[in-house]
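Next come two complexes, and both contain chain A; in the first it sits with chain B, in the second with chain C.
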Partner chain A sequence: MDAFTQIFGFAFQYLDSAAYLILAALGLSIIFGMMGVINMAHGELMMIGAYITAFCMYGGIPAPIAILLAGVGAGIAGMILERLIIRHFYKQLLSSLVVTWGLSMFISQVFLIMFGPNMPSLPTPFSDIKILVGGEVGFALVGAEGFARVTGETGRMPPGVESFGIYRLVMFAVAVLMVVAVWLLLRKTEFGARARATMDNPTMANALGISTPRIYAYTFGLGSALAGIAGGLFALTSAITPYFGAAYTARAFITVVVGGAAGVINGLVASVAALGGVQTILSNLFSVYIGFVGMIAAAFLILLVMPTGISGYMEKLRGRSR
Partner chain B sequence: MTGRADETTPVNSHAKIPFGFLRLVEGPQTMGRGWPFWTGFAIVILLAFLAPTYFGIRPYRVNEFIVSGFLAASLSILWGYAGILSLGQAAFFGVGGYVFGIIGINLFDATGNTHLALAGGILAPTVFAAFVGAIMFFARLKGVYIAILMLVLSLLLETFMLQTADPEVYRIGEALLGGANGLRPASDIPSVAFGWGEAVAEINGRREGFYYFALTLLIVVYLALRMLLNSSFGYLLVAVREDPDRTETFGYDVRLIQLAVFCLSAALAGLAGSLDTARINRVDPELVFSVSANIMVVIWVAVGGRKDLTTAILGAITLEWLYLWLTTSGSPEYATLVMGGILVAAMLIAPEGVFVWIGNRLGRLFGRSRTPAAKAGEAHQ
Partner chain C sequence: MRARNSRARRLNATAMLCAAFAGLSTTAAQAATDEEIVLCTIDDTTGNLAAMSTPKTWGYALAVEEINEAGGIVVDGVQKMVKHVQYDGQSDVGRYGQLTQQCIFEDEADVVMAGYTGAEREAARVEAVRNETIFWHNNQGEGGIADRYSFFSGPTPEQQVLPALEWMIDEFGPRMTFIGADYNFCRAIGAWVRTAAGLYEGDLVMEEYFPFDVNQWQQTIGEIQNIGPDFQVHCLVGGDQVQFYPQADAAGLKTPAWSNVTIADGYEHKIFPAPQLENMHVPPGYIEDVPGENSEAFAAKIRERHPDAPYVNEHAAFGYVAVKAMAKAWAAAGTTETEAVIEALEAGVTVEEAPGGSWSLVGDQHHAALPTYLFKVEADHSLSLISELGVTEPSFLSDIGVDVREFGSGDGETYLPTDNPAWADFFAE
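This part shows the complex of A and B:
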């Protein structure tokens, strides 16, 4: 493996793990940043998104539309949960943690009982297009035919050549698009202005005529919808089970906490850049397990230095220099 | 003597009756006092001791509930009294269970007892908690972060233990960590045994002996904790829960108090873990470190009533009973579903706990009102 292959492989993995963290954490970070509620059922909202995507695609609906429908479905589910249960726990951080944990257990059991322990898996889109890197191939984007030509009769890659699936890059692109969309929504629209006002000072926002309960419900719905879309995207690459979401909740939470609540979007981006880097480097050098442990250790160290997360720290620095 | 007189002059009234020692185990930090409570307590204990002989309960099943009682007590003092929620309380349970098993496998043949194994099963989680707690509390991490970090810690332990199947690498003396299969050789994991030489009493975890032993131990631990909670240390815990800043202003180091209760809680969880390993001669990662192991502890304590020791333990025993009944008469899937539903419903309808609600009703029936300390609303962060 030459240096170019190595660097490309590293960059690819970095983008992959960054996409994974952004998608898993974006919805959670909005809900945490706006309402201060840690939603332990976040992974289950992703799971709902994955199931909706799966059912739509079994019915012949193309993947992009299925994933959008997953977002809509999870958003509605989230708003129902918010109205029925979560709104009673806004001022009680620890109780909201416990009640949403109970919800996550309840929801995944309902899906287990209704649909059984696993669903037929979905085909990964673009799986026949690959990026080949290294050896005499150099750098090439090839379809199924080109891939067959390179692998030849042996069915194996020539030495020094590595292949990378393109769907991972698509996921990263979608993740970036989602971040930009959320940023525009919060910065440039009237809803965004109302939401940020509610976040800064709910009492004052309420006095100015903003219906804060409605803002909370919509924000929770938005966070859930983002979770549903993420679940739909992940559904195309992994097995779909009722416990699908549990794997993401812990990582998403760590990413959100490191990002901090002061600036939802820039905190998240900084946190993903840092944690994704640590995870990629350590996973490459040692093992996936060490990568995960290292990510948690890094999160812990960051929290020791900046107890309010990266965005809170930046805010403090800015305040000092002013 | 009436209940009213009791309330206005508690010290004198107790001095007159022959139960003066009750002063030590009752106070504003624990529910239940005076003759109505202790009479009921005595009746329940008596019935519990008679149960295997006269009511045909099967110790093999019921022993598990008693072990849960210790674990519930450990979370109650941490979360209910000191206001530190840990979503990973089973981590200490698991560490205790593994250490008990590892020491037991290695030393049982030589010593014939499990004194050291039990001591290790309690000490190891305590030391572990002292280490983790020192970092968390001295960094003044927020309560939510501590709650989730503990869960992550437990899941990390699970992931680590799952990949320890290689007998060449993961071996401690005679004991093999054994990956997903759990500690091996399982047949060498001892039951609890006390005594030296010839006079050794080994207590089979599946029989009545263990039931009487664990029940007695639970009562002793329960009474000792009641004494502790009604001492000045107990008041400090509640002070830290209600207002850490003010406690600090009074000159107490909140971080040390938090660390102390964290270690105590880990020791209790370790005791529970050791007893559980001894009970079934088995310990595996899924049993002790998984999400479901951790969430069950929170469910018992939240549904029973976290701010009182008695209600937390009662919550554990009744919910374990219910869970077993649902599993055997229905299916495990429905049992888990019902547990999740009960937690959500209890948090909405009786946020202070079902048994606290019942206890308040009973208290009113006997003309006593609940103490304000336990009534005070949540004051986290």
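This part shows the complex of A and C:
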């Protein structure tokens, strides 16, 4: 396998890993990173997004709109949860852990009872378009005809040629857009300023006339909506089951904790870059399993050196140098 | 004083509720009288595994209905009906041991049939065997369990992996890759795949196991493409692992694949959008698409009773067969007394009307000779029958000198391909 194919494969896997972690963690970085709420039902908010996407698409609604609706739906669901339950546990970390864990089990079981264990899967968008790398092809973006031409009668790739679906790259692009959008929202809008003020110093924010309960509700809703959109994106490349969200919750938490709460978006980006990198390198050198385990080990080591996460550590450094 | 009164009232109410529940549960689980033969089954009719396991209960119910309509069975000189007691395992392994005890002690079961996954099966089987009650497992398993009280109606790897891979090697070529879930069933299948490679001059160039929650497959897909095998072998289990299929389809991995955990249990061809499973080959002992009179008649009867059934799968067929086999054994023994029934079973029982084709229990193996079929999934997700793999006599245990008839109570053992000295070379590396 030539060097170019290897490098491309590596880069693709890295972007794939990064997309996965960003999408899984972005909503939680708002809820846990900014608000300090441990939400064990984060995966279930993603699952709600996935189901909404599925039902919309069964009804004929195109994927991008279905995913936006999933975000809206999950956001509303999040706000309802916040109002009814989460609100009562803001200062109680351990209680919110237990309560949201119970919520997570409750929501997934309700979906299991209502919709059964399995929903018909959704087709992956752009699945006809592929990137072909290496061998006699070099580098090409092909559609169905081009693919058929390359594989010829055997239906197999010529030696040395690897093919990649582009949907995972689309997911990466969407993830980056989402991060930028959230950053702009938090830095450049009045809502963002109020939200950051409330999280920093709720008493002072209240005294200044900001309605803190409403900010909490909207911020939680924002985090939930982001989770819902992520769920919708994943629904197009996964089996849709009530336990859909469980795989993402743990990795989302690890990513957010490693990122740190001092600078939620900066921390997230740094954390994804580091953890995604470790996972890609190790799984290429050894095996997928080692990549997985290594990523968790890396998180452990980073937290050992930087207990408040990467962004917390950066802030400490900046503070010292002044 | 008021507080004490209301507390007392609350305690009274609670006590009454408890008594009511206790009463309900004892009346619900009525001890079986001597006038009926009790078949006790435990399956997942709710929970994550319900989609695969529920059809098994349809098979049991149909068999019991047919037996009772024909007048029941004559045991101990009396015409007795079969009573079917059914429990829901709720897709929860923890419940299986407890429910098996309930079957044996409260329902006085004459036979227990339980479990879908190997873990559920073992939780139930261990209880049944310890209490010297006949136990049946009725879907595909890893084979190799030798125990006095345990019987198996479904296909085993020597009837699926061996003949199917012989065909695949013949058709596509010797080089194969194997990816599977990291637990005992797929590890056993991996060992059988290695055996097939040894026996039929195949070449297993990649063998990798993954934890259940791996759901990013791009790297593995790239690895397989690089190796460029003649065909792939899969044992992917669970909602995260099956994400391999949409990802492989999007990435353009078109190499034919073979899997014995797909379609026969979970009818994935109805759940995944076409053409994600195109070129998948599967070796069931029964699925609704199996041709023949037995199959058509059986599928029609199931659909008559369950018009909303998405698919009539392997479980439905072998649940049905197991009950029919027990009926013949009870009739032959003329009693439900366990040791006599085991003797009748070990003398050999045949169920000719088995949906997949005539089925015979081989007495010294406690496993059955049955036909298996090789199907291929087409681009539109329809199934084509590629080859009738024919009837494979189970000989794995006898080849290593195991005769289950010689086993006493508590002697149970489990054997794997690595226990066969003739195959030791295949595993030497």
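Just so we're on the same page, the second predicted complex is superposed on the first by the 322 of 322 C-alpha atoms of A that agree within 3 Å, B and C clash if a C-alpha of one lies under 4 Å from a C-alpha of the other, contacts with A are read in each partner's own complex, and residues count from 1 in each chain.
Just so we're on the same page, a residue touches a chain if its C-beta (ideal position, glycine included) is under 8 Å from a C-beta of that chain, and two chains touch if they have at least 3 such contacts.
Please read these numbers as outputs of a predicted model, since none were measured by experiment.
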For this session: Could you tell me if A:Phe300 is touching chain B, chain C, both of them or neither one (first, second, both, neither)?
Result: first
For this session: Would you sort A:Tyr58 into first (chain B), second (chain C), both or neither based on which partner it touches?
Result: neither
For this session: Have a look at where A:Leu112 lands relative to chain B and chain C in the superposition and call it first, second, both or neither.
Result: both
Exercise. Is A:Tyr289 contacted by the first partner chain B, the second partner chain C, both or neither?
Worked result: both
For this session: Using the superposition on chain A described above, determine whether A:Leu94 touches chain B (first), chain C (second), both, or neither.
Result: first
Exercise. Just chain B (first), just chain C (second), both, or neither: which does A:Ser163 touch?
Worked result: second
Problem set entry | chain B versus chain C, judged by how many residues of chain A each one touches | C
Exercise. Given the touch rule stated above, what does A:Phe4 touch, chain B (first), chain C (second), both, or neither?
Worked result: neither
Problem set entry | Shared chain A surface residues [contacts with chain B and with chain C] | 112-113, 246, 289, 292
Problem set entry | Residue ranges of chain B in contact with chain A within the complex | 79, 83, 85, 87, 135, 139-145, 147-149, 151-152, 155-156, 159-160, 163, 291-292, 295, 298-299, 302, 333-334, 336-337, 339-341, 343-344, 347-348, 351, 378, 380-381
Problem set entry | Residues of chain C defined as touching chain A within the complex | 46-51, 182, 208-211, 213-216, 218-220, 222, 225-226, 228, 239-240, 242-243, 246-247, 249-255, 266, 270-273, 276
Problem set entry | Residue numbers on chain A that touch chain C, as the complex places them | 1, 9, 12-13, 16-17, 20, 112-113, 116-124, 126-127, 130, 132, 147, 151, 155-157, 159, 161-168, 237-239, 241-244, 246-247, 283-284, 287-289, 291-292
Exercise. Mind pulling up the chain A residues that touch chain B in the complex?
Worked result: 38, 85, 88-89, 92-95, 97-99, 101-107, 109-110, 112-113, 246, 250, 253-254, 257, 289, 292-293, 296, 300, 303-304, 307
